[in-house]
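Each of the two complexes below includes subunit A, the first together with subunit B, the second together with subunit C.
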Partner chain A sequence: MFYYILRRVLYTIPIAIGVSLVVFALVHLAPGDPLSAVMGEVDQKMLAEMRASFGYDKPLPVQYIIWLGSALTGDMGYSLRTGAPVFGTLIDAAANTMIIGTAAALLGFIIGATFGMLAGYNHGAWLDKVVSSATIAGVSVPHYWLAILLVIVFSVQLGWMPAMGAGSAASILSWEAWKHMILPVIALAAIPCAIVARTARACVMEILSMEFVEALRARGLSERRILLHVARNALPTVLAVMGLQFAHLLGGSILVETVFTWPGTGYLLNLAIFDRDIPVLQGTILLLALFFVSINLVVDILQTWADPRISRG
Partner chain B sequence: MKSDRLKLTLACIGVMGALAGGAAWGQSKPLRVGMTLSDIPTTSGQPNGGFEGYRMTGYTLYDALINWKLDDAKGPSTLVPGLATEWKVDDKDTTKWVFKLRKGVKFHDGSDFNADAVVWNLDKLFKKEAPHHDARQRAQVAGRILSLKSWRKIDDYTIELTTHAPDSTFPYQTTYVFYSSPAQYEKLGRDWNKFSQQPAGTGPFRLEKLVPRERAELVRNSSYWDAKRVPKTQRMILLPIPEPTTRASALLSGQVDFIEAPPPDFIPRLKSQGFRITSNVYPHIWPYFMSFREDSPWRDLRVRKAVNLAIDREGIVKLLGGFAAPAAGAVDKSSPWFGKPSFQIKHDPAAAKKLLAEAGYSGSKPLTLKVMVSPSGSGQMLPRPMNEYIQQNLKAVGINLELVTQDWEVLRNCRRAGAGSPICQGVHGINNSSATVDPFSAFGRIYSSKAIPPKGFNYMHYSDPKVDAIVEKSNNIFDEKKRDQLLGELHAYLVDNAVDVWVVHDVGPRAMSAKVKGWVQVKHWFQDLAPVYVAD
Partner chain C sequence: MKPAGTDKIMLPFGADSGRPTAVEVPVGSVVQRTYWENVWRRVTRDPFTVACALVLMAIAAAALLAPWLGLPEPTLTDSARRLLPVGSPGHILGTDELGRDMLSRIIHGGRLSLMMGIVPVLIALMIGGSAGLIAGFVGGRVNMLIMRVTDVFYAFPSILLAVAIAGALGAGIGNALLAITIVFIPPITRVTESVTTQVRSMDFVEAARASGAGTLAIIRTHVLGNVLGPIFVYATVLISVSIVISAGLSFIGLGASPPAAEWGLMLNTLRESIFLAPLNAILPGFMIFITSMCFNLISDGLRSAMDVRL
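Let's look at the complex of A and B:
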């Protein structure tokens, strides 16, 4: 197990370097000048001077090495638009996204896994039909549309929740902070909840049809014990899906965060894209990519814990 | 008896205190503004975020030497003394301007505003070797004060600014430069990033709190030098809400008091729920700038007139819920520079077809025009439906309009690079809105052959010796009325030659709660937020 974990951790190093290279290339190969967008109406001569002063006149490989070297020391440069350090900006945004991402994951995974397993276990019953319909709706409804709908119903019509922002509460534990989070969390949780439910349902149904379940029944185990066995066998697949969904959530949703003006990484990325604020764009995409790599690593390890056959494979 | 009197006195004091407290609380109700920007504009002096940045953290926290008159909704906005009480061009050398500075003005940190502060700020922006030079701030304003060559202090309250060549429009250019406190910059360890968190300008508001991407809280500068513009509200909170539906929802749910650019489909509902909607035409034009290069069909005057006559501007205004004004030229008819053009820009498809036939185009040989458009962008209004509407209008007279949709920044880069540049991808023109705030913005930078890229913003490569001569002459006329008259002649000439496709002017709709008082929407990109407050 230890060597397996070590091997998986070592694998992430070339992946992370590859990711950084792709991130850098994508950002720089996109059309448009990185400086003209943030520098307002300046002429070509002035743009060339500015480009030189920010180091954008150097060959791309040189720029990449300089950027990677600085990023490894935690220095991701400064925002072209505001002049603020990218690292600090990213940390603030990531913390905000983590708050609603974790809350949405908890909400979505608990509801999704519970109802998915119950639906799979009661295949064909009314509960299964209700859960199946709800999950189809969940994965089909665009979450930005759901977000707008939630705002119209709960903010505009009923006036229960704020329509936007993270509020100005000093503590995250206050009601003021919570009420700003409720609608974004529901909008974010809808898709992962449905995906986890569908996966759990399919896994449970598949496992229930296996011979060992019949054997368990033949040995006289109670249905509750049988469900526990089934759940344990479904866990690796469900965990893998949860891991990917969790990484998506922590990556922040550009659309949902923009609809709610939630100051997380999705909103920051949107801002950086429109401003072509290269240092912020690079930093944010790199952070999000590393989120995915790290969460995949954790999920791999958890899967191995749940099903030791994986490490042997 | 004594004890009763004491109780009565205490009760009276209590009641008075409660009333006073209530009144004070009422006055201190913050004004919460929903901006269309995605972030708080920079606050260190020269704001980013275009002219919305100037409205929100420019003219609120700072002043220019010359400010805009922003309290009259009827007439066009004019220049008024700001940090300079008077300015005069040298009779003998018209490249030299002397500005008398206002005495007694203090920055928010308590330090004095004087000629040294002006020189320090101009060094900050335009002297690259100055230790406090800030490239970001320079980039925001350099393109707006191109005539400035040098500056020097004459005495503590007099400065001299020199232009590259005589330029009577120079006072307009000074309205874009704001003045930050040198003392505050020193106090904060000569760090512009720290300065942007704790800026000190001279404006009617002070910045109290800044949370990037979330909010800026501005509080009243009670000792502001212009008593008439001391803010009525104790506190103003700026909130970036780029999504139009969310912005309108925030207003409807009472989370904000005032929003810019409510989405047109929300306006009837806002009105029915008692919210106030205001609008006013301002120096903005939503045009197609077309290429005049050798291979362009736009070089034919008949084609230019035909396209202008084929567009149903009233229909577009209707499409926008009434929140636009049909254009009859680059500037609105109420502008002193409109002049008396003989070519009437109106919807006349029959005349358009006739002109096209004369130019040799027919059903078997249709005219095809490719125009680069963006899905969004500053001043672009609702580009997709508007361009599709025009596409239908042109189709009706036999013109195929191909819309090449590109990212806003690609469009801007194409404009900077000029027609025919590879980045423009073979289009005949671009749909890029433009400000016509001052004579240079409206004419010199768009139509002068001196402004052909890479030197300036004449995307079209338009070159007409007569236009160049009028621009040059107007720069040398220092009598405002005479200059306006000449610019009217220039504008009439441009319209008669149908140089661009002029479609509509924006009217900048705003929506606000019925409790918002003091708002006067003037005919300008900039607006004064100082008199605006939320009543009980």
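Let's look at the complex of A and C:
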């Protein structure tokens, strides 16, 4: 088990390097260097000086090494638009994304796992039919559209919630701050909720058809105890899906954050794209991707803990 | 041969009682069907799948025939008739923020939205499918190389990767198509590789090899036949995802650009009008939702008809 985990940890290193290469290569796909896009028509001599000061005059492999080296030490350069250090901006935005991402994950996972398990357990009953239809709708719904629907119903028609922003509350524990979070959290939670419910349902159905369940019944265990056994066996699969969905939540919140102008990484990325603010763009994508890689690692380790057969396989 | 029907035969031990029992068995000319005939029969007898296929065909046919349906020009603005509500005379689905006919724009919008949903998956299917087949069939170092590169791209959440590529390349339909294609190549490669590896180790492939069949012949007759089903099911799921993501790119301004009719873009421009005409603002997103859900349901139907596990 220890060696399995060690191997898995070591394996993330080449992946992380690959990810950083892709992120670096991405911004150099576009023609011209980052500065010419921002500066427009300026004095050639000044442009050359600017280039040198940002390091854009060096060959690409050298630029990559320098960029990666400083990124590792927390120095991601300065925003071309605001001049602020990218790292600080990024940390603030990441905290905001983390808040709604975690809340959405909790909401979606609890509802999804509960109803998914109940549906799988009562296969064929009306509850199962309702849950199955809801999950199909949930995995197909464009979450940015759902966000707009929520705004129309709860902000425009009913006037219960604010339509955008994070509010100006000093503490995230106040109702003022919560009010701004509710709609984005629901919009974000829909897809993970549906996917977790789907997985839990399929998983429970499969486990219920296994022989050990028959054996438990034969021994006269109560249905509640049996359900507990089933849940324990479904845990590794459901856990893996939850981890993946949590990572997708944080990386994929860009569209929802754009609808609500929620000041997180997605909104930051959106601004950086349209301002052609390359350092911010690179930094945000790198941070989100590395975060995704590390969550996958944690999920794999948790999975071997929940199902030791994996590490021996 | 006896005519088709049933015949009674005696079993020494019945299934229920353990005593000699008579059971009915089919005899005579039993209809022989191929695997794909069976799949087709099962799919066409599933009312949900058929209904979804019909809805999709209707949307696609309307989109394809849009220029010949006698609709107003989708880009024709009319500043005097802006944001007419749904159900207005002459504009059944109302008008948008520039007075353009919503019905016409939704039907015309289907052209771009469907194209941007389907084309990337098809291209990714060709590239990722070939890569997965090669990786699965050749194995060894080639497999290592292909699958490690796939792992790196897998390390990005799909929406983030699509936004990042499209954002780096700049707005435009071509760039959005390219971005979504790149996003879908790794998952298709992975699924194809895993199915191919499973099929390759089966006895009938070994038997074919032992009887002297060449690699290409084995791939064509044995591997492809067994790989296509699961890949096809997977591709329909990906189309439903692709429609949502590509419209999402246009929604944040990275795909189609005004004044084009495209569902994601329409959703974006109508977002300003949710106070005045909420129903109009919802419509384009509803189309994305319905189309995506139909592809999802069809994929579910195919999955159970083919008995595929992914």
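Criterion: the second predicted complex is superposed on the first by the 293 of 313 C-alpha atoms of A that agree within 3 Å, B and C clash if a C-alpha of one lies under 4 Å from a C-alpha of the other, contacts with A are read in each partner's own complex, and residues count from 1 in each chain.
Everything below uses one rule, namely that a contact is a pair of C-beta atoms (placed from the backbone, for glycine too) under 8 Å apart; a residue touches a chain by one contact, two chains touch by 3 or more.
Please read these numbers as outputs of a predicted model, since none were measured by experiment.
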item: Touched partner set for A:Lys45, first subunit B, second subunit C, both or neither; value: first
item: Partner chain(s) touched by A:Ile148 [first = subunit B, second = subunit C, both, neither]; value: both
item: Partner chain in contact with A:Ser53 - subunit B first, subunit C second, else both or neither; value: first
item: Which superposed partner A:Leu29 touches (first subunit B, second subunit C, both, neither); value: second
item: Partner chain(s) touched by A:Ala218 [first = subunit B, second = subunit C, both, neither]; value: neither
item: Partner chain(s) touched by A:Leu72 [first = subunit B, second = subunit C, both, neither]; value: neither
item: Touching partner for A:Thr258 - first (subunit B), second (subunit C), both, neither; value: both
item: Partner chain in contact with A:Leu10 - subunit B first, subunit C second, else both or neither; value: neither
item: Contacts of A:Val156 with subunit B and subunit C, given as first, second, both or neither; value: both
item: Subunit B/subunit C common contact set on subunit A; value: 148, 151-152, 156, 258-259, 270, 274
item: Subunit C contact footprint on subunit A (complex, rising order); value: 14-16, 18-19, 21-23, 26-27, 29-30, 136-137, 139-142, 144-145, 148-149, 151-152, 156-157, 247-248, 250-252, 254-255, 258-259, 269-270, 272-274, 281, 285, 288-289, 292-293, 296
item: Of all residues in subunit C, those that touch subunit A in their complex; value: 148-149, 151-153, 155-160, 163-165, 167-170, 240, 244, 247-248, 251-254, 267, 271, 274-275, 278, 281-282, 285-286, 288-289, 292-293, 295-297, 300
item: Residues of subunit B defined as touching subunit A within the complex; value: 38-39, 42, 44, 48, 50, 135-136, 139-144, 192-193, 196, 211-215, 239-243, 245-247, 249-250, 252-255, 407-410, 412-413, 416-417, 423, 453-457
item: Partner subunit B, residues of subunit A touching it in the complex; value: 31-33, 35-47, 50, 53, 78, 80-85, 89, 92-93, 148, 151-152, 155-156, 159, 162-166, 168, 258-261, 263, 267-268, 270-271, 274, 276
